[in-house]
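Order of writing sets the chain letters: A, B, C and D. Residues in each chain are counted from 1.
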Amino acid sequence: MKTRRSLIYVLICGILVVLPVFLNAYWVDVLNNVGLYAILALSLNVILGYAGMFHMGHAAFYAIGAYTTAILNTTYHIPVLWLMPLSGLVAGFFALIVARPIIHLRGDYLLIVTIGMVEIVRIALINNVFGITGGANGIFGIARPEFFGFRIRQPHEFFYLIWAFMAVTIYLFHRLENSRFGRALTYLREDDVAAEGSGVNTAHYKLAAFVIGAFWAGMVGTLYAAKMTIIAPESFNFWESVVLFMIVLLGGSGSIPGVILGAFLVVGLPEIFREFATARMMIFGAAMVAMMIFRTEGILPPQPRKYPPVGELLADEAKP
Amino acid sequence: MSLLQLDKVTKTFGGLKAVDNVSCTVERGSIVGLIGPNGAGKTTIFNLITGNYRPDQGDIRFEERSVIKLPTHLIVALGIARTFQTIRLFQKLSALENVLAGCHCRMHAGALAAMARLPFQRREERKALELALGELRFVGLGQQADQMAANLSYGNQRLLEIARALATQPRLIILDEPAGGMNDQETAALVELIRSIRDRGVTVLLIEHDMSLVMKVCEQIVVVEYGSKIAEGDPAAIKQNPRVIEAYLGTDEE
Amino acid sequence: MLLKLENLHVKYGNVEALHGISLGVGEGEIVTILGANGAGKSTTLMAISGLVKVSEGSILSRNAPLHTLKAHEVVRHGIAQSPEGRRVFGTLTVNENLTLGAFTATDTGRIQKTLAWIYTLFPRLQERCEQMAGTLSGGEQQMLAIGRALMAAPRILLLDEPSLGLAPILVKTIFETIREINRAGVTVVLVEQNARAALKLAHRGYVMEVGRIVLEDTAEALLSNPEVRNAYLGGQAA
Amino acid sequence: MEQFFQQLTNGLAVGGIYALIALGYTMVYGVLKLINFAHGDLFTIGAYLGLTLLTSLGLADRLGPLGAVLLLAVMVMGLVAIIGAMLERIAYRPLRESPRLSAVVSALGASIFFQNAVMLIYGARFRVYPHDILPKIAVNIFGLQIPLIRILMLLTSVLLMVALYLFIQRTKIGTAIRAAAIDQGAARLMGIDVDKVIMIVFLIGPSLGGAAGLMVGLYYGQINFTMGWVYGLKAFTAAILGGIGNIPGAMVGGILLGVIEALGAAYISIAWKDAIAFCVLILILIVRPTGLLGERVAEKV
């Protein structure tokens, strides 16, 4: 069982490694976008999927990461990849400040407030806040990332960068999910009064989920800025948040494979059916309604966490 | 000194005194029952002890320490665990994971330790798992560890809540109508369970409507009506107390 | 039988709350249902009113099935309920609450007559008719809840814990009014935890325990039955 | 001073529109405890339907400007009401027993659906209303030149609000709506068909939203498929400001927000105009989530 699973993982990794060889630049770029959205959605999944907080302003954190990278790179010429953790920290810090007063709000109110937050951030960027965001035109001339002297510029080069980061993300978030921390988020999603009553510091975990999600989104912001070399406020509008929200909900809220599948469906599929691309959002809107009615948990809902079989533990205990 | 002390506690909801100047003590190692007619304010008293509500007046001390300003999760960490009148399990999670929630407050590993999967984190996880399983077996649900909480019977859900509360390693456990919805055999087993909880050194405070259970298991009973304490004593005395009989069966005069 | 429950089962999710209740209420009777908290008394009334779904069994009123109807249709069969906790519409005036009670009625003359009768039963309500229901005292809210149910001019009045949270003096008044309502020809089903008062008022009674009926007798017999006392104050007593 | 009064009347007119839309949010929230995210898009649909009917039927030539606009309003309100009721039937009723947030997501999905359907049908670019429907004259009030259309708008929204208020307060159905908002179970015990009440709410709210859409089209002269989101969010802010679920609150909140925004845009910064409403929203939710006229309710454990 276990070996079969690892075999599947190895197979998927193998396919991904050789995939760019068989695809043209356009399709590799599509996969790059899928990858970026998937990582972003995985970071949103910490907040929305695990902790169950209806956060629809994730583009704000992503924007802050991208702008941090863009500003520091264009003014101080700090290498882009060095800026990844820093952008994450800035986004995480922003989340820490803005999330604190709003995390106790009820689900639908939180949703509205986070929409307000992402709009305020976008308006601030357009208005060239602090005179450093470049207004509506944004910032251009962001350097390409360098990896041990190797400059990443081609789509297939970005492909390896993005999907490698994705692999790291999956690995770490999987561990996070199956830990005391991950369980605490699940508890407060299921019933926060019962969670608090069982000794879980719910306020702390809600905030921590926001900070971790924002930190990761900030890092993806760096990748995005480096890939595009030009960023503008319109790339981080409210609809980006909606797309991320849909990826998580359609794929399977709280499930890592589900979220990745969601990214392929929402971002990748319309590229395959070009004529369908204009109607994409309409169809997804209808799909969201249908999903809530017929399959609330998404296409690939989360599997229950695995623990050592009970019998095994009992046997162990008998030994000592 | 007493384990838990309520001192002139008052709580008002929109002009209505739900709890009115109630004082009582719970002694270490005892089983205390809190009874009274519907709407007398029993669950409100529980919610005040566990920090879900703040009293308007008065003080609540646990092991000499005032708890009225503490958030619920810290009160749990101090050693007061509870179950809920309307069962509040994590319905979609397994019985085991429900109990692991109780272990949470005695663990330390955070997000970074989990991502790095540090050795101490792995040891802690394993210990918690053993403890949770132990509690499940203690309440008699060892075989149902993998079952989803929602699929358990009503009685077993009540037991699972008790296991979750016990996993916080409390010194005081507060049970809100543990026998609600249980059949006779389950209730009989519950009596034994409550006694064995006490024998572990955990003090028990319970609200219960099943009077035969209360009379059988409690050593001390506090009776409330309209938010006020009307009687206190051992079961025999309570049963003979005319005010209690009146509160339960209604007035005699016509 | 004016109202007949047969082998009634009700489930909340996976959990069964009523395990087969059978009871009957005759024309002009006051029947009381007694039992501890969680015994299923309120659930039984809610099932009759159509607010909870019946999973098995039947509810018949004069041979018309009620268990297949929606709650608002049950009212049209002459069954009104004053629910547990009163549930008056707090931000509506007393008058509006009463008007809503007669929502299904169309005969304005008869509505006026019923209203006048309710005001003679509960003069306090007339004094406060323009006041918000939420600002009434507990006892007045209880009167309003009963009055509101009566506005539908029901054949059967279901009363769920009318004494809950009321001072003893008020309980007495309410119970006397219930008797008066019954004398006016309304059949009453009374759920109470104030067993003694309820049994003195009622003709017959049922005692419930954990979703089942365990005793059924005339009120007089139940009043002197030690088992009733045990159900409230604990077994093997005395 | 001149500028202040011009901004004030403009704020009142826009505030009236916010209030009309806010009523739809607040009424639905009242009976279903659901934020109907698609409500803003019903407003957009109202604006587009108005445009289609106006250009295709040639009403203005036959009925004169005022008659045309009146008939148009009635048709738009009716059509949007039907769409609103269908929305309820398809996207919300099956979720009545589900967790509340499922319905919120469904509402969001419906919103995305409507918005993109409008885009597919009418295109993504701004569409222009015929500008010769209502005469472009100004009325002199206390020495101020105020555009006629602004006055008409304010009058219309006040009229609609008064009508709604009377309907809710004085009629049997109106009382039933208020009762269902307080306690659905108790309302059922009165013999009220709550499903029908909800249907009525989904007829009234969207029809008012549709009227607001038409008014925006006539006032600003151009409409866009995304405008429902901005107006919707602002109207929702207005509903929260007045106390969600509270009908007079939505009216007061809408007018107040319109004025705050108009004055804020004039005296603080026009570039930050949209941010003002969002800041008000966030502040209200943090400081006083029950709004100005709402009541504080304790959550039960």
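Throughout what follows, a residue touches a chain if its C-beta (ideal position, glycine included) is under 8 Å from a C-beta of that chain, and two chains touch if they have at least 3 such contacts.
Quick caveat: nothing in here was measured; it's all calculated off a predicted structure.
A.B. asks: In terms of touching chains, how many steps apart are chain A and chain C, taking the shortest path?
C.D. replies: So the least number of steps between the two chains is 2.
A.B. asks: Determine which of the two chain pairs, A-B or B-C, is joined by the larger number of C-beta pairs in contact.
C.D. replies: Most contacts of the two pairs: A-B.
A.B. asks: Find the chain most remote from chain A, comparing centres computed as mean CA coordinates.
C.D. replies: Here the answer is chain C, farthest from chain A.
A.B. asks: Averaging over Cα atoms per chain, report the distance between chain A and chain B in Å.
C.D. replies: 40
A.B. asks: What is the distance in Å between the mean C-alpha positions of chain B and chain C?
C.D. replies: That gives a centre separation of 32 Å.
A.B. asks: Counting in whole Å, what is the centre-to-centre distance of chain B and chain D, each centre being its mean C-alpha position?
C.D. replies: 48
A.B. asks: Using mean CA coordinates as chain centres, what's the gap between chain A and chain D in Å?
C.D. replies: 34
A.B. asks: Residues of chain C touching 2+ other chains?
C.D. replies: Residues of chain C never touch two or more of the other chains.
A.B. asks: Residues of chain D touching 2+ other chains?
C.D. replies: 301
A.B. asks: Where in chain B do residues touch two or more of the other chains?
C.D. replies: 52, 84
A.B. asks: What does chain D use to touch chain C in their complex?
C.D. replies: Counting only chain D, the residues touching chain C are 172, 175-176, 178-179, 182-183, 185-194, 295.
A.B. asks: Contact residues on chain B for chain A in the complex?
C.D. replies: Listed in rising order, the residues are 50, 52, 71-74, 76-77, 81-82, 84, 88-94, 96-97, 100-102, 104-105, 107, 109-111, 113-115, 117, 121, 124-125, 128-130, 133, 142, 145-146, 148, 164-165, 168.
A.B. asks: Any idea which chain C residues touch chain D in the complex?
C.D. replies: Chain C reaches chain D through residues 49-51, 70-72, 75-76, 80-81, 83, 87-92, 96, 99-101, 103-104, 148-149, 152.
A.B. asks: Looking at the complex, which residues from chain D come into contact with chain A?
C.D. replies: 34-35, 90-91, 94-95, 98-106, 108-117, 119-120, 229, 233, 236, 240, 269, 271-272, 274-275, 278-279, 281-282, 285-286, 289, 301
A.B. asks: Show which residues of chain B lie in contact with chain C when the two form their complex.
C.D. replies: For chain B paired with chain C, touching residues are 16, 37-39, 150-151, 153-154, 157, 177, 180-183, 209-216, 226, 235, 239, 244-245, 248-252, 254.
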